[in-house]
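Some structures are shown below for you to check.
One chain, chain A, links the two complexes that follow: it is found with chain B in the first and with chain C in the second.
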Partner chain A sequence: MSDVDFVKPTIEYAELSPLLIVFGVAALGVVVEAFVARERRHVVQVSLAFVGVLAALAATVLVGLDLADVGPGQGLVGAEGSVVVDGPTVYLWGLVLVFALGGVALFAERRLEAGVSVFAGQAAALPGTEAERRSSGLAHTEVYPLVMFAVAGMMLFPAAGDLLTMFVALEVLSLPLYLLCGLARRRRLLSQEAALKYFLLGAFSSGFFLYGVALVYGYAGSMDLDVIHSAVLNRTDDRTLLLLGIAMLSVGLLFKVGAVPFHAWTPDVYQGAPTAVTAFMSAATKVAAFGAILRLYYVGFGANRWDWQPMLWVVAIITMLVGAVLAVVQSDVKRMLAYSSVAHTGFILTGVLGLQATGALGEGEVTSLQAVLFYLTTYGFATVGAFALVTLVRDANGEATASAKWAGLGRRSPLVAGVFALFLLSMAGIPLTAGFVGKWAVFTVAMSAGAWPVVLVAIASSIIAIFFYIKFVRLMFFVDAEGDVAEVSVPSPLTSVTIGVCALVTIGLGLVPGPVLDLVAHAGDFIR
Partner chain B sequence: MLTILILVPLVGALAIPFLPAASAKSIAIGTAAGTLGLAVAVAVLFETDEGMQMTEQVDWIGAFGVHYAVGVDGLGLLMVLLTAVIVPVVLVAGWHEGDEAPRSYYAWVLAMEALSLAVFLATDVFLFYVVFEATLIPAYFLIGGFGREGRSAAAVKFLMFQLAGGLVLLASVIGLYVVSAEQGRASYLLSDLEQLDISTEAGRWLFLGFFIAFAIKAPLFPVHTWLADTAEKATPGTSVLLVCVLDKIGTFGMLRFCLGLFPEASQWATPVVVTLALISIVYGALLAIAQDDLLRLIGLTSLSHFGFITLGIFVFSTQGGSGAILYMVNHGIGTAALFLVAGYIIRRRGTALISEMGGLEKATPILAGLLLVAGLATLGLPGLSPFISEFLVLLAAFDYAWWVGAVAVLGIVLAAIYVLWMYQRVMTGPTPPTVEDTPDALPREILAVAPLMVALVAFGFFPQPLLDISNPYTEDLLSHVGVQDDPPTVSRLGAHVFDQEGGE
Partner chain C sequence: MFVTTLATSLAAETGHEIPVVDPGSADGVLGLVWLVIALPLLGAAILLLGGRRTDRWGHLLGTAMPIGSFVVSLVMFLSLMGRDEEERQVVQHLYDWIQVGGLHVGMDLLYDPLASLFLLLITGVGSLIHVYSIGYMAHDPRRRRFFGYLNLFVAAMLMLILAENYVGLFLGWEGVGLASYLLIGFWQHKPSAAKAAKKAFVLNRVGDMGMATAIFLAFVTFGSTSFTEISRVAGEAGEGTMTALGILLLVGACGKSAQVPLQAWLLDAMEGPTPVSALIHAATMVTAGVYLVVRSNFVFENAPDAQTAVIVVAVVTILWGAIIGCAKDDIKKALAGSTMSQIGYMMLAAGLGTAGYAFAILHLLTHGFFKANMFLGAGSVMHGMNDDVDMRHYGALNKAMPVTFITFAMGYLAIIGFPGFSGFWSKDKIIEVAIGESWIIGLCALLGAGITAFYMTRLMLMTFFSSKRWEKDVHPHESPAVMTFPLIVLAALSVLGGVLLLGGWIVHWLEPVTGPEEHHDLPIPVLAITGLTVAVVAVGVAIAFLLFQKRDVPRTAPSDVSFVTTAARNDLYGDAINEGLVVNPGRRLVAGLFVLDRSGVDGTFTGGGAAVKAIGGQLRKVQTGYVRSYALSVLLGVIIVALAMLAVNL
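Now for the complex of A and B:
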């Protein structure tokens, strides 16, 4: 008999309940797929997903309310150190779940395609074959368990307390997304090409991440962010392993957020994926991945920020410039929004690199973490709303994503064009919209940390970005329609409510950002 | 009180899209008249010597130290009155400008009025910035949606210039926050920021951001190129709102923020600013002379006028400051009259090209008279109000340096050329048969510009009410900047000018 006793791991079920609920619902969805009759599957899966997300959201709120009581520094390190539930985690969970709600609503939309969902019958059925015809009348409900797995991964990603959990979460969130991208019913080849591209490049970047994990383990002798932090703080010997490790980890994470030079997949995937998937993915993945970036850099490598901040300076600068400049020349709405999301990644990175020691901040001054969390909120709602609107503008071949077809939309459907203009103006950062407050916050923290060259570039790229947003507004309102143009289809309440909520939040956060800013301020800091 | 003043047009703007299109015009004019009434009430309650008053303050974004704070001082009061007068005038004069899409036209005009009033009343820098930028959205839709061929390109050009300026300003606004947060609790209130101890270097950088934005807005050489295109393509009514109200934000901002927050940097920048102002005066006038498009011509005369205003501000004397503030009011009235009368003529002739006009005088004597009065006001004829402000600015300019005054005087000579030559080509000459039946000004059209004409003459002979409001403001500002001057006292100065006029 061995001397080593088996220690039963303690799991904080209450605090981890949002995560567990989502994982449970995802697994349940697989069971439903296997045992429920085909005709009833759609209703059951959609309700299950909605109930699951709502329950997780409720659990998140409860965890958030009790956070002050569960441990020192507002939060706890749970599940044997592998999951950290603190203020930022809870906030990010809430954000991911809200976008998941919008995502499920958009997935369930069937009225736009005359009673059929936007997803392919069978991913393997080639367009135009007998298999495609046979499957075309069927309900395609695998997407709901898939999206739930992705959501679970996205929730675990920013909460990971060690690098291995972070890697597992990364894969859990990525694999379902690769699949979802390839499931478009229309423009099949484009969609499958997008999925393949995303998968190959994603797998490649995961390799980098894993290698980075190994190198950092080699330096610190542990994968716990906490231990890595103390190693970084205390050891003075050769740092080659550490620096290489940080670089490799950064490649993996920057790929996920679509920062230059790891952005090449973004336009193709955003364009090829079903628009509902794009809407969900662009908002929620960014939230999760930036959450992980923040935790990794602030908690793990916060002590040697002088090493990684210059790297982020460079990445932020080229990301903003490349994204803004390339967006100008796009002639497809989804590609334009994709490049604009690249530019926004740069703006968020501007906030990330604004990390300062607590002592360097004035009383009540906005911290880098608060700014980034707020920006993610504003950007996420505008993006979900904008992509959801793209699904409405259609011609005989489904969604009309070519910009030229949007000409004169403001005359034909002033409401839809007006709301789309609102989202664009918010992304452009025009005052009285949420985007402006977000931009103000990230620029401020960067400026405060002395990164004024980055802020100047950010302002220059904002000017470029405004040009293409305004160009599009002009196209919708002031250009006369010629030839074949797109019309607006009337969606079911699922889509219209999603768009409505996004529009209201975009205006609301522009006029009264105070409550949400207080919320992110109240979320406090990461704990170790 | 002030909040209601902002809210009335804003509510009108929000309501109009939901009401029948047929009622849009009457609701808009009613709202604008109501706003004017409120503005007059504010003027009546205003106490000349009490600085910032009728203040209201509510926390808005606690985390950023931002307040919803409004208040009115002498400068703000004059700008508010100018705005409140011009909007109804524009609506009545441009009776048919919004006929294509009445709801959006009137909603955007009222939205622009509300936001402009908020700009002139804001006493929190963040609030100012927000509404300053937000005015661009109605302006963009007014330029792009109504007017002549090529307007959407002009709207994009306008917006790009303005937003570029706005973002440069954003950098400075953020910089202010950082400085403010370093010295204790961050606050954007003007009264708190004036107490800040800003280092010389930081102050100069921040000043630069503010000044660039306001120079684009005003506009000043070399960032004026949007002005002519916009004035040409937009409707005359929109141009009036842009040039006479929105552009005033530029010079207003120079006075309130550049001088108010960065006195040291303002003086440091004076040589460059004065040079740019002089170039604007002369270059704007030369450009105006060369134009064949009536609206473009009027737009470019404003470049020259804004040169004068900026010059008045940056020579740092009571005369110059008061003259500049007066000039802002007078330019608003005079240029509005000129734009609107030009709009009447263009509507009748179907073209804006001066070379295709001529001989209108006989067919439309009343229009000719209106154009002449508005034109003479623009060139600064004694007896009309712009003369007084021009005179004050020139006095101050000569006081600053003789050559500055000499160059500025050149602007007046050139003004005579562009106005009179324009009048000659449009109105005089043989009357071609096609023009003989041109209808003269309608009673509605005369009624619309009548208040402007009356103001031009009345303030030309009796500018004291305006000076009473602007002088205390200027003195306060200059003492804050730390400049002393001892020219004749203020009331005597006004009387002096008045006497001189009476003699002529």
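Now for the complex of A and C:
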């Protein structure tokens, strides 16, 4: 009757394989949950998750190696324009998967809680009831499919080629995290409170994001980042719609990375969530969300960067200052690390606003994209390592996160305290650790983009930050322990290998950052 | 084109050329330069990671390492002397530290005449202080750790001196800061030591901020942080940029070298063990600021305003430190005030430009000798007096501790500038150059010399002469040989340090780094200046003699003293100024932000799983409130973001 041709949608299975593997493993995990006997589930789920992540990682490497051949300009726009596989995407995929590997290892740790995992036996059992006591020997194995769904969302997020895919990815990564946050075995009320807060505020900010999508669609007539880019470039009529749209989109994304004033959830959620979840979430979510921020701003709104850069200036400045200053007064390790992660968000934003026109950069100069990718790498490893170490320092009530209990830890367990100090020093940006090179890179790109006021504030806040990191190092090594203190429990190789790898990377990237800097330079630019 | 002309005209105006750092590659013996850093670093690693197993021989290893570095430094120095003048700058490329596109930072070591002198000072004096510490720390259960920290310090300091770019220098800069922090707080059981360590840390952060900003500014302006690169193109940048760069470097230098307004930490730093005061807070680390200014001569020569700022800071510090030195009864604090003041002299000379660089370094070296000597001497006195530091409890110790007395006297004569002693040559030259620059600066420097003579004579008399004012159970005795041997060597150096100036050797030696010396016409003959200086010093000594030898020294400090004395006893209210201007507003800001952000969860739940039900009740009450207020803050953020977006596009 009509002449409309149905064109079969093409899916580039080879290039999208890392994503598909993770989604597949996540779905398979749900099936396992239904059909495998309870006592065998843990082993099966953990192996499945490990195999899945490793396979996805291998696929990512393969995709990365072939990238130059798959399309014009180092990558392709696949799945009918909704997923973009280019250099930065592949790098971010790799990063998310590596942190996922660490996350799964920490989830699977069972020696610290005497044979059970750190997750609640039965999430539905009310705290303090008979049902909870009966479930105390059980362990949730649903966390593995959940984390795989989150990982899949995180991989899709920075690869999204249009705003709708980006929104879907945002939700896919967020929902499992809300759940995971509420599954702590100990201090369950705190954990559930954290999950609820995260969920409510996350939903709130998602609303803004969606509204922003609508406004930008109203302006550009499309959700494709590519089309939005041309619209921004070519149209000269009233742009209020566009500007408000960018503002709303920014709110959704800045919430995810925990930028001030959208940071309020960070300390509560980081503290309340099981520490293994915090470790995974703080590193991987930030990687994914910053990947999305970069793509949105650079690809979609790169042509009108003068519109949004001043706004990011303001946000970056207050984020760094508030994060650093409030971290100083924290008396809980996890909260201190949470505020420190807020401050890091500010530092990374400093790198983001270093965007310049391609011609403005000299041959081979570091682009802001490279600087941000490198910073995310250094920050991620230090954070995963630091939170993983927090799980080891315990007293009779489980993890001892009150900083007073860490006093004198350096004398009782020099190794643990020393490695923790290493992570803190890297976060502080002390030379010869990874953090120094990362800070150096983002400050430089911001400076050469003319954002010197932001860089001045950044240097000031990193000096405030040094203060509280060193304060904590001093607490561990120089303060005498009083009252009951925390001791270090010996974990299974799962945790210790994770920590060891993070420590090695942190030192390695400080001494010889060259290979990774080359890799991010090699990743090239976003494609449209 | 225009830029080049400007650079040329600027150079023509100042009438001298600014030397460019143009090193060859390190070959032959000079290829060993990495070893100088590696040895103490290895020592620190073994001692700090080796744990208790190394307790028995740790101090010996810790001492052997800097001695090894000293031997290497000496061999390299001799080899450098044998080279032609143009070939006396070499660089050793260890590896590419950060290398991606335009961002290139090499782990490079620059060995040149300036570095060669510093290497000898650091490893030489450092070794002596290690030897001394074997005796001084003999009864401390954590002696091995102490040596580990000392080695770490030496390695970091050598890194600072040998780095070929500002990033490497910053690495050493942070390293010495860390080691200094660890060592000031070494006796952590004393709350005052912990507090002092913290204060030093905070004030140094302010300096570091200047330093870090300077590095970024340099990188953005020149596209490099290497001395070689920057010195080549330094003349082409605008004077405004160079002034900013110079001022920022000066802020860094002020923090590390305890110059006004960042001076307050040095006096408190005396809480550390005395060898630390001698090595770090007198002979080496605190002179890093002077090194920075001299090393960055290509910046300062292009920024006359920044040079003026250096001079102002230096002159204020000379007098500030000297006045504090007059009022302190704590022997180490009096010496610390003196250190501040003497570094002021070095800064002054460095600020005076080409005419003064060489003398800044000369004074730095002689000061390194005599001040280390006197600090170790003070340590020896304390050792004999049951660790009492109050000079009002000393007196007439010249008989009880003959070796300490004689060696200390050599240091004393050197610092006041007694003719023939090392301090005489170096300080006299600085005053001469200062007078050549301006009468006012010269007079201030001269006045400083007079006050120096006064407070050092006071210290000398109260300690070794006048009447016995000992505590009842104190039996002063001479220290063991392992402690007096370094004193003797340092005393000899304090006497003979002036030979470096023989025939203008040091000026000539440093020429490849600082450029040919520039001569000012002096308003009065050189001999007259020398005579004047000696006369002023004599007056200072005489006044002190009348006040402290002819009259009895009370055992407790008199309280009915003039306003000036009270002020000086309180470090000229340096702390109060810091409190009022920086600390309190900062604290208020934090408190304000904290109240704004306070969520209560922190304080309420630190107890862990106790009383779940009670907490649950609490939790329910606070929960809704929090999410609401968080959501409100998100909403506020939305408005801010939207307004910011719209406002810039109006």
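The criterion applied here is as follows: the second predicted complex is superposed on the first by the 527 of 528 C-alpha atoms of A that agree within 3 Å, B and C clash if a C-alpha of one lies under 4 Å from a C-alpha of the other, contacts with A are read in each partner's own complex, and residues count from 1 in each chain.
Operating definition for what follows: a contact is a pair of C-beta atoms (placed from the backbone, for glycine too) under 8 Å apart; a residue touches a chain by one contact, two chains touch by 3 or more.
All figures in this text were calculated on a predicted structure; none of them were measured in a lab.
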Chain C versus chain B on the shared chain A, clash or fit after superposition: clash
Touched partner set for A:Val83, first chain B, second chain C, both or neither: neither
Partner chain in contact with A:Val314 - chain B first, chain C second, else both or neither: second
Which of chain B and chain C A:Ile459 touches, first, second, both or neither: both
Which superposed partner A:Cys181 touches (first chain B, second chain C, both, neither): neither
Touched partner set for A:Val437, first chain B, second chain C, both or neither: both
First (chain B), second (chain C), both or neither touched by A:Val366: both
Per-residue contact with chain A, leading partner among chain C and chain B: C
Single chain C stretch clashing with chain B - from 188-196, 548-556 or 638-646: 188-196
Set of chain A residues, in rising order, touched by both chain B and chain C: 362-366, 370, 430-432, 437, 440-441, 443-444, 447-448, 455-456, 459, 463, 466-467, 470, 474, 478-479, 512-514, 517-518, 521
Residue ranges of chain C touching chain A (in the complex, touch as defined): 51, 95-103, 167, 170-171, 174-175, 178, 181, 185, 188-189, 194, 198, 201-202, 205-206, 208-209, 212-213, 216-217, 219-220, 223, 589-590, 593-594, 597, 599, 601-603, 605-606, 608-610, 612-613, 615-616, 619, 623, 626-627, 629-631, 633-634, 636-638, 640-642, 644-646, 648-649
Sites on chain A touched by chain C in the complex: 127-128, 186-187, 189-190, 193, 196-197, 200-201, 204-205, 208, 239-240, 243-244, 246-248, 250-251, 254-255, 260-262, 264-265, 267-268, 271, 306-308, 310-311, 314-315, 322, 325-326, 328-332, 335, 362-366, 370, 395, 397-398, 400-402, 414, 430-432, 437, 440-441, 443-444, 447-448, 452, 455-456, 459-460, 463, 466-467, 470, 474, 478-480, 511-514, 517-518, 520-521
For the chain B and chain A complex, residues of the former touching the latter: 59-65, 129-134, 136-137, 140-141, 144-145, 151-152, 155-156, 159-160, 163-164, 167-168, 170-171, 174-175, 177-178, 181-186
Contacting residues of chain A [partner chain B, same complex]: 361-366, 370, 425, 430-432, 436-437, 439-441, 443-444, 447-448, 455-456, 459, 462-463, 466-467, 470-471, 473-474, 477-479, 512-514, 517-518, 521
